[in-house]
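The next block holds one structure in the form of structure tokens; read it before the comments.
Per-chain residue numbering starts at 1, and chain names A, B, C and D are given in the order in which the chains are listed.
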């Protein structure tokens, strides 16, 4: 046992990857499962706010881009559940944890998408924040998760560019109504995007352990600052004003300062009281329940088919 | 028994009304129940094709007119089921007969309503044909039915005028697209409207008995001719061409001649194979089934309330 | 004048969107009596909407009639509360929405019927009578369902819980000087009505928590876009046509 | 040329409306694998629609691009068969629609890929490969559901029955001379494919009875208007905007 622990510690220390067959501490396994599952749930719930615009997309090209993006999210959910399964979790159980509210998904998806500009802003800000969070996870100590993240990050940055390009088109070649839509969407999404990095470091109890295990590589506040610094010049290029009067370059720090985040709002939304929590869960639950007979039929058919093939082997 | 039959016969002969408390032959009762139930079912199913346009009506005034019309249809259904109940039928049973396909409704409602012009054409032609059928029923020998028909006919002719007025607006003050919509709707509804009078007299086995009992006052073909004669000048005033090249005034008969009706089509639609039969029944069935818990709750509450009031009497 | 115009839009939009939702029950109600009653409520709401919007258009003086205001404004230009946008859900949800909205409307319209502005007062006086019927209809059904079967009790309770967060917006500060009232003052009387009905229905009043907001400033729910698309599509597909 | 323009509209509209319906499954599919697969099918169909409509617009030479054709035509100007308008219903209905449509499209596209008209042949060649995957996906699910549980068997059977009357329209006389084929000739091979799948799914082929018709002339179902309203509303609300 001490040997195993030592081997694990050495793997982490040397920045090598922990693989499914390796021994790992229970706490590491549980933390990994929880983190991967929440990430998977976020991909799946995250299909809803944008997905609702596929049937209403204002051009066929945008419809195709959005459909492909939402398909990618389903794909990401699928890899991530698979990665969680390598740790001994069961996809069906994880789905039930989500549906019963026992596991979380990213709170950002509890805000409404009100116009087509939201599709662009979600790509730019929400996917942008997700990438800041996720790029370091490509070096996560758990192998299957790190490999899934490499693929996911590549696709996410593609989505981010497409979102930004939609906003550029609306701002630079659009009508006044389109520009107003973009500005309104930026106003609504800016602060929730900053909250995507989680509570401030001094209120984030798990950060230290996750960093020790190299599940996590940077603190919430570090990542948030990186996102702000990256986004401010993009907003300038777009010609939109971020809704924070305290936002300004601080030459001493070499970073942008920004205003105080309303953490009580984050807490409220995480605890289930956001504008769309109930709706998102209801849609997910309905899909799961309405699909039960289909999954049962597939299982029943598979049993029949394997019985037949066993029989054939016997004969 | 012979006395009762004689009294009944005399009532019919003198054009007096048969009332619920009166003795009546079993065949008369059954025929009346069937006819009233089918009429009630038609009102209820008839809400669907037009009702689907309430949420999409192109002006608030038209939305109000249509909503009021569809409400009237529900009201008509309600009186008619009540009239059937005076003959010992049960509304729940009749509804189940409809839902299980054991009783019919007017086949006209199995055609689709495709544009807002259909709302006008249904008012003009379908309500127009219904009125031709129903005005004589105001003198039906069964009292409650005759009285229901008086009220229904009054409301129906109001609907017919409103439908015609919508078409007039679209034809005389409308755009070319609106006129095209009206012409297309007239093309689609003309022949089905003629079929609303039922099979030709020589193929209508029940007509003779219904006329002897003064349930019915005119044959199908007589009523159909009346409808054609009434409608042709209205079509001229509107400026639409009815889709029948053989339609012309016959001075010898003093009536319009018209082309042969495709009775196989009527037969096909009646027997369940019209464009919308399945849809109409599915919507009606879903409403009935989805509403079961509400009706049960109301019944349960009524039982509790009456138990309380009995108790209060005892105390 | 701009404040009154905006206020009339709010009153009209509340009624219009409520009418649109209520009318969706057509041919889908649990029994014929409810078909008739719901159509009746929808007609009243629609009539109120037409009166308020027509007056708003006259006041604005830019040639917009009730149809221009109903069919040619974009989502963010609507001033209704989010409550009226909620999907109908099952019959219990519709009953809950109707109860909570019409209890407010009845108090509001009654107060507005005494406003100094005569046209506003006139529309409100008629609407007050109509909404009294809506309150009574929804109250009867809240009690029937709440105190009906275990299933209907559960559904009625869930419906009130679900709709409750959308009621706070009704009492936010929002009114034209001509209205002469503070919506917050309606909350007490409203709670009295609601508590009485819920009590009779053996239901508890939900706890206050998250509160929807933004409708009066043009921020709506995700359900509102599709509702407008359905409502406005035919009108917009035939620009300038008369019907 | 007009015949080819019309023909391309029919091909494009079939694919476009099918894509719109398939995409409605987003976030509602029975499992993640189906989310991915249905989105894939929708993307293929959408891609086909864009290719056919773009080509139709070029041929017309009146400056209409794929978006003008998709978003600014009225209902009666669409040339798709009614089959693709049918609501998705449950998963079985969607599987049935996809099987019966894609088996036809695969045969048609394969034939068209040999057409003398090079641009038509090029689009069809790519689409033929894609539709082969759709046939195979829908076949697998038809068999799983038909030969799964008693419930899934019943639902799959009902779904095929429900969709069947809308398949006859696929084989009505309708084609441009450039296509060089008679749709009726596809019916035999189509029945072979369908019979094989239904047989493996322990389902009987429905009897032919009432046959839907009219889509190619612009006569659609009651479901089509609401579909177009949803699809076109945002585009039409911002006339002339670029996205």
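Here is the rule we use: contacts are C-beta pairs under 8 Å (C-beta built on N, C-alpha and C of every residue); 3 or more make two chains touch, one makes a residue touch a chain.
Here is each chain with its UniProt name: A, B = 1,2-phenylacetyl-CoA epoxidase subunit A; C, D = Phenylacetate-CoA oxygenase subunit PaaI.
Since we're looking at a predicted model, the values are computed, not measured.
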item: Shared interface partners, meaning chains that touch chain A and chain B; value: C, D
item: For chain A paired with chain D, centre-to-centre distance based on mean C-alpha positions, whole Å; value: 34
item: Chain centre separation in whole Å, for chain D relative to chain C (CA means); value: 41
item: Geometric centre distance via CA averages, chain C-chain A, whole Å; value: 37
item: Chain A residues counted as touching two or more neighbouring chains; value: 52, 56, 177
item: Chain C, residues touching no fewer than two other chains; value: 74, 226, 229-230, 233-234
item: Chain contact graph, described as a line, ring, star, complete graph or other shape; value: other
item: All touching chain pairs, where touch follows the definition stated at the start; value: A-C, A-D, B-C, B-D, C-D
item: Footprint of chain D on chain C - complex, ascending; value: 74, 226, 228-230, 232-234, 236-237
item: Contact footprint of chain C on chain A as seen in their complex; value: 49, 52, 56, 112-115, 177, 184, 268, 273-276, 278-279
item: Complex contact set, residues of chain D against chain B; value: 74-76, 162, 165, 209-210, 212, 219-222, 225-226, 229
item: Interfacial residue positions of chain B with respect to chain C in the complex; value: 44, 47-48, 51-52, 54-64, 67-68, 70-71, 74-75, 77-78, 81, 116, 166, 169-170, 173-175, 177-178, 283-284, 286-287, 290-298, 300-301, 304
item: Contact footprint of chain A on chain D as seen in their complex; value: 16, 20, 23-24, 26-36, 39-40, 42-43, 46-47, 49-50, 53, 66-67, 70-71, 90-91, 143-145, 147-149, 151-152, 155, 230-231, 233-235, 238, 240-243
